[in-house]
Amino acid sequence: MNDIAGLINHAQNAYARCIDSGNLEAWPDFFEEDCVYKITTADNRAQGLEAGLIFANSRGMLIDRVASLREANIYERHVYRHFLGQPWIVSQNANDVRSETSFFVARIMRDGTTDVYATGQYIDTYTLTGTEPKLRERIVVCDSSRFDTLLALPL
Amino acid sequence: MNDIAGLINHAQNAYARCIDSGNLEAWPDFFEEDCVYKITTADNRAQGLEAGLIFANSRGMLIDRVASLREANIYERHVYRHFLGQPWIVSQNANDVRSETSFFVARIMRDGTTDVYATGQYIDTYTLTGTEPKLRERIVVCDSSRFDTLLALPL
Amino acid sequence: MNDIAGLINHAQNAYARCIDSGNLEAWPDFFEEDCVYKITTADNRAQGLEAGLIFANSRGMLIDRVASLREANIYERHVYRHFLGQPWIVSQNANDVRSETSFFVARIMRDGTTDVYATGQYIDTYTLTGTEPKLRERIVVCDSSRFDTLLALPL
């Protein structure tokens, strides 16, 4: 693994740990102030539908999303466990890296039930100009078009 | 990770991306012209049964297989998502590498259902004499002996 | 990945291969003579409950556990397949490394059924003073509190 792949691998690992440990308030810190975060499906993407199931274009919107998740405590409690493939480096230069990474997320419900919640790809642009890589764009492309309405925690 | 493990890791990642993106026509390129590709089960292997569920001993046979998959469009459409463990280097010399790698394949059906399709091990021999590692042999040993008859896309 | 992460990664891979290949007698060798092995749940851990579902504090106890598993052959036969995230190095010095690693274990029953058996985190302390890293402590923290009574093979 070259240095860039190792660096991105480490950043992805940190991202997954943040969500899986329930520390949602730290999640927006993985993004640049000026960023895009979108959850979409492979079908929508293939059809050129840009909307996405979830869309944010600033870190502030991500912070708001976490706040509303905490407030609207109506969701059945559950946790995620992320598993990530090796990042595939699509391109890189001195300032940023584009990478694609398979993900698999298991969901563990309060009653102990565990299922395959989502699989897909992160299509990322990381900025390298700071002390550690930050996401300028993360497009979460889910393989399945069917989503549990419990979609709540970030992917 | 040493250099060989990194090299094999990268090749495995490329292989998984190829199938998961639906680009089956590029799949035979991961193999040598003269190659073995076999899907079998742990039970059959333990009993010394050599037949395999699927068997090919040339790249041409793999190309034929893809062509027939495309033609015989009777299968319910579905996609795979591969997750691979770190390759375990069994042996290596200047010309080739033997490695074993755990795999887990999630299958996403057209209706959005996602399940654990197969788990097992790739038992591989990679040739190193070209510009990138090529498979001279891939034995796909599935943990389960029960297979969905939909077995269609390559593992 | 730095050298320590690569070293731990390799040790984790060896551990998973040992169990997944059914070679349980070799499993205690991954631990120091004087060690802690515990399986607990995230809920129990959050509440400070120290007991654990399974507890051993010496390699001898692990050897005994394997012997009794072999003897008490009353369990339905099944195999595991482990998938591990990248180890997260929490701290390190010349003598030992603390790391945390996500795991996902698929279970394949005799009849071929495959399910997500367990997900969670290994919270490990590895000793580095020997020829290869050995576990001085492994706390297996399962995400789910509901366990199949078939809990038998080591995690």
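Lettered A, B and C in written order, each chain numbered from 1.
One rule holds in what follows: a residue touches a chain if its C-beta (ideal position, glycine included) is under 8 Å from a C-beta of that chain, and two chains touch if they have at least 3 such contacts.
These figures come from a predicted structure and were not determined experimentally.
Rounded to the nearest 5, the angle that brings the Cα atoms of chain A onto chain C is 120°. Residues touching across the chain A and chain B pair largely diverge in numbering: under half of the numbers involved belong to both copies.
Chain B has its Cα centroid 28 Å from the Cα centroid of chain A.
Residues of chain C in contact with two or more other chains: 1, 83, 104, 116. By the touch rule above, chain A contacts chain C in their complex via residues 1, 6, 9-10, 13-14, 16-17, 20, 79, 81-84, 104, 106, 108, 111-116.
Interface residues of chain C, counted against chain A in their complex, comprise 1, 42, 83, 85-86, 88, 100, 102, 104, 116, 118-120, 143-147.
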